[in-house]
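I've put the structures underneath this note.
The two complexes that follow have subunit A in common; it is paired with subunit B in the first and with subunit C in the second.
Our next item is the complex of A and B:
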């Protein structure tokens, strides 16, 4: 199955190659066809006049692009430049992960996509007025990935202020994160750099480099182009010396002169860069100064891109199904506490979360990607470690519209009774229905407490009378929650789920990000997954195989003896 | 045949008229903008006149709104900061009002020595309102030694969003080609920071000081429309004041503005 899909994809990509070649770099003239395709496929979100105000736009965040301003986030071009036709074509083809923009590679023919590119450009006059093609970012100086490059990039990440929005280790939890808006005034969360699969324009090192150098036009992400770098026009050593001198409380006369000289060189290079940007022709000498300066900052930018690349796993983890089912591991004696190193030896299982869109209020714009789970059990108890990224730590905020209290939370859901057999019906995935579910509800405002609920529907949940059977610990650091929960396998409470090794138990999750307006049914969640207390391999495995081996050998000897005897009789 | 043509023409004209009326109505935002002459020619002005005056605020002065400093408190929170969208001084003097000539087409050139700068100091833009000549570079200073980003929300020119890392003390920005204003300047890192700039094609723009005063000098003799813009009080673009400037003369034109 997988091979067939890959083959199909290869063929498709091959076709794109051929088709894009035939169109060279430029989309055709805008035509009636493009308008028609646009109105059928794009206008619902982007609006018939391209203002990003289609009928579906209200519920979406990130908002559909407003094409009338010529601001495009995902470009191969520098800051302040328009995208190339190919950029627009690629975005339509590949979609934008982490947003509502789907890939159109199968729904629209390449021909139609080119027609749409041409049509979209008519919404902004700048495309027509542009006298020269947009300047593309030069990717030729790529610095290969290496430990050392990552180290250099890491220092730059702090020095250039990336931490302000993206946080110390890139989880999008910087101190400015909650207040960011785009140019249309809509909330705009900084990327969680550890989740490359949600990057709108892809997470290849080249993609990261282009976003960093060119910025994401219209969003809060600025461009770190050329002369943004302190010490533009200086060598790496000179610029660190300049910064070093800047940070001195007092300078000697010689140092002052040195600083002045560095600044003179720096200012001259900035002037050249601006002249170029304003359209002034550069002399050969100036061109040389500019190229040398750009080489230095681009090298730094590649280091930074390599560092960002190092923050994310190579690919999105596989969801916890099939071979990746959550298996609680048996250990002898006490179960490990939350910060015990024993947890490090387990591989987490990945449960992707999606917005709840069945019941009002809905969540169309989830901010929590997934919950990662590990588990141990012993003869009497089971412990879970739940880990999820959330950019903000919200314990008590009031929703302006509804007056409700917003806070971060997690709910773990099991059926109240384990279904007998794999085909037996499970309760409704959204907090049960006719068949009840048993829930653990944790809230950030009471981190050491987990409440047990029984629910027969999302608006029909009851706090169980008997509480206190669960132990919990939780932390929030660097944009990540860790929640540790421990419970007895068997309890006295008849409303609780009872656990036995080897039995596959349905499990599901709901999570709330208070800062994203999550409350009640406005949340992110999973459907049913499965978990099992991995049965302890029986000690009989040490007895049976040798016995069988012995018996086999004996049988063979017997057979040999029998055959020999029969032969000798003949 | 002729009557057909006439009828069609009438209908077409009517459509055009209705079209323009609707277009003007639908674009109420236009009224918040400054109005620029279609063309401007700089020349030497001898014996020009002066227009000066005071802008005052009328109405209950709202209580000053303290800004919530959410980060970098050592640098940004050294003193209490207030929202600067309405700064009313002694005697109801209204600061940060742009007063300008709407319809001047020839006059003096820009003062080439004037510094076009905005400083980022204590996580506040100073000045709050700045005039930037078209074709000149606005220089952003960073006295804070922390990271800022300069985000200029242009719509006619390309919007700008450029990082100004902590070690970047002075950052000139690319000059723009088209007149536009006012345009908000923000820092996304410190969401409360806000300033307004206007890219202007001629030098007859003034921003009122703490005393609400403004002066436009070297105005060639003639009749002009005098306009104003204030962040919280709006514009008089619909009904600008007519003034007559005499050679070497000085005229006084005061304004009293209310919240829009």
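Our next item is the complex of A and C:
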């Protein structure tokens, strides 16, 4: 080989080496620089002492991390382990969706982020005292996504008791959801597994797998260690056989013996796991049993991760901005009722909700992600279907502090009069001001009723005298509200908004989650979006285009005839 | 290659270049009206070129005439007599059946402030002359200045950072779902272009306080004079420039 080629190869390898270093590296020694960056960018939430008690922390939930306990939710490491430096760096870089931790990738240089990693490690001595690097979760046995795997994961989801917090189909509405607290005693809502975009540590299958195997330290989410699996130490077939036998009312003698054998194997494996946890040396045979058992557990965990992945859309829906406005579809005849399959054929528009932080009392920590809306209209009426996830069904709770009644609710807001032209002012987005808004207010305690209001400000709303123009139906199932509302396009009431096809009408929403303390101005809301009764496409579209096509044919023939005539004249 | 083919290639090539190369690979998409303008210019240039001499014009139209009448071009003719009406049919249909889109939201990004700066109903002074009452501490009493900045930081993180962000870059965790987006104070075009009194006005009066030129009043900026004291607003303004390192615009004595 020529020297030049060798040199070139060496340079390439060198570059590769440097690249791989930047990919996974360890934090530098803690320095003054790290402290400085931390105090400038992090301390207002996490506190100068790293206790998660900065001045902003008061209003936040989830609370900013307390670094003094060494408990980190998002790790690539096993349960009870500290995070790797790379884990900490990644969290700072990418932020934690669904919380107030933003991504710092543009605000801080990679160097600064590494300095911060080094500095926050000084808040917990465990990092210094650790003799071995934290043990990372082995991701090598990944089970590819398949319907079969999802089915297996779904069964495990029930067997492992995930439903208790995350609910039957994953909307975070399990029976114990409202009572969960974290290590510090703060409320800890279980994740809504259908909203992957709010997963703190990302929603790739690998991420889900790591959260499941390693747990979210400090939160109510435990790590699912091997022996907490039903049928630990058994193969997949054996464990489903065990459950099958357990569920039998009566067993034959042979079956009883089979069951006893399975239980014996299971107990033995659990004993080994306990011994291992206590630090007992395992014999080679025991080690083999344990390793085999863990292999099954990991495989099951991948199935579970695939199942959770199957619950969510691929990405967060696009908000209904720009031309992506809420378009009500025209249909002939009766408008579909709430349960009608006709609603399935419409694509919902997605209206993300943010906390109301303008007027006291404010809501800094929303629990309702968004409201999804569909609409149909006919010659005389318009119907809407509003769908939103809420972990709890609250109709009548009392707020301990204020004594006010807390309940779930939704309000749909229109201007009382449609602004004419793009520069015409709209009413103030928060329930109007100088210009009034027209509101539909629905409350969970009276699900068949929608109250019409006129408001000139959030604390200046009047119930309209003329009511009963709105028909409503509502259900709450599996952590999700569905509200169906129907109204005439034109009403007698002068305070109502009158609807005409083709007119772009501003629309906005407010929602209340009673279990999150929402009441009055404490709520989640949107600013103005746009709604239109999509005009029936003009029938001209079947007339003009063929006429123009025919004319063009005539023109071409005419042109040819003209040229021919002229040629023959020449 | 005939002159006609060359002209056709130039036309189609220019359109592809503008639409996909300039307005895609190199930069952001170009508005349709701008592309139409450029294409118009190119058509005019071609017309000028072919009409300079009679021979050029004859050369240009030769293939057209041939296609229309020549027996050798029968196949071309048949394809075109189907293709042209079909294209026109599709184009007219797409224009007529196009669904209406909502009007855009024209908005004055830098609305002109009123002449007088007020807090609630109290007149503070004229917009041009009012200065931050704590700004002078920066030179006179650095310790007091720090205390005001720290207080501004506290107020910011209790009220503003949800939208304007930890880094003051307008990317708070509530920001993505607000229209228009919250102001980005790290943008070098923001703080240095305004006096502190302008910021006081925008903070105190919020979205609803915008003048008619600021309509349609979509801004979610609250009226902070309802929540914050006058001093708190001035402190936040100190914090904004202290954290970002940008100086507010000043008039009067030279530096």
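The definition used in the following text is that the second predicted complex is superposed on the first by the 497 of 570 C-alpha atoms of A that agree within 3 Å, B and C clash if a C-alpha of one lies under 4 Å from a C-alpha of the other, contacts with A are read in each partner's own complex, and residues count from 1 in each chain.
Here, a contact is a pair of C-beta atoms (placed from the backbone, for glycine too) under 8 Å apart; a residue touches a chain by one contact, two chains touch by 3 or more.
As the structure is a prediction and not an experimental result, all values here were calculated from the model.
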- Of subunit B and subunit C, the partner touching more residues of subunit A is C
- Item | Contacts of A:270 with subunit B and subunit C, given as first, second, both or neither | first
- Thinking of the overlay built on chain A, is A:224 touched by subunit B (first), by subunit C (second), by both, or by neither? first
- Looking at the overlay, what does A:115 touch: subunit B (first), subunit C (second), both, or neither? neither
- Message: Under the stated touch criterion, which partner chain does A:173 make contact with: subunit B (first), subunit C (second), both, or neither?
- Response: neither
- Would you check which partner chain A:69 touches, where first means subunit B only, second means subunit C only, and both and neither mean what they say? first
- With the two complexes superposed on chain A, say which partner A:518 touches: subunit B (first), subunit C (second), both, or neither. neither
- Message: Let me test your reading of the model: by the given contact rule, A:553 touches which partner, first (subunit B), second (subunit C), both or neither?
- Response: second
- Partner chain in contact with A:53 - subunit B first, subunit C second, else both or neither: neither
- Quick one: in the complex, what on subunit A touches subunit C? 40-41, 44-45, 54-56, 58-59, 99-100, 102, 104, 106-107, 319, 321, 323, 325, 327, 352-355, 357-360, 364, 419, 421-426, 428-429, 433-434, 502, 504, 526-528, 530, 532, 534-535, 537-538, 540-541, 544-546, 548-550, 552-553, 556-557, 559-560, 563-564, 567
- Message: Under the stated contact criterion, what part of subunit C meets subunit A in this complex?
- Response: 65, 68-69, 77, 80-81, 84-86, 88-90, 92-93, 96-97, 99-106, 153-154, 157-159, 161-163, 165-167, 169, 171-174, 176-179, 207-208, 212, 215-218, 220, 222-223, 226-227, 243
- Message: Please output the residues of subunit B touching subunit A within their complex, sorted ascending.
- Response: 70-72, 137, 146-147, 149-151, 153, 155, 158-175, 188-191
- Message: Touching residues of subunit A toward subunit B in the complex: what are they?
- Response: 69-71, 79-80, 126, 159-161, 164-165, 175-176, 179-181, 183, 215, 217-225, 227-231, 242-243, 246, 267, 270-271, 274, 277-278
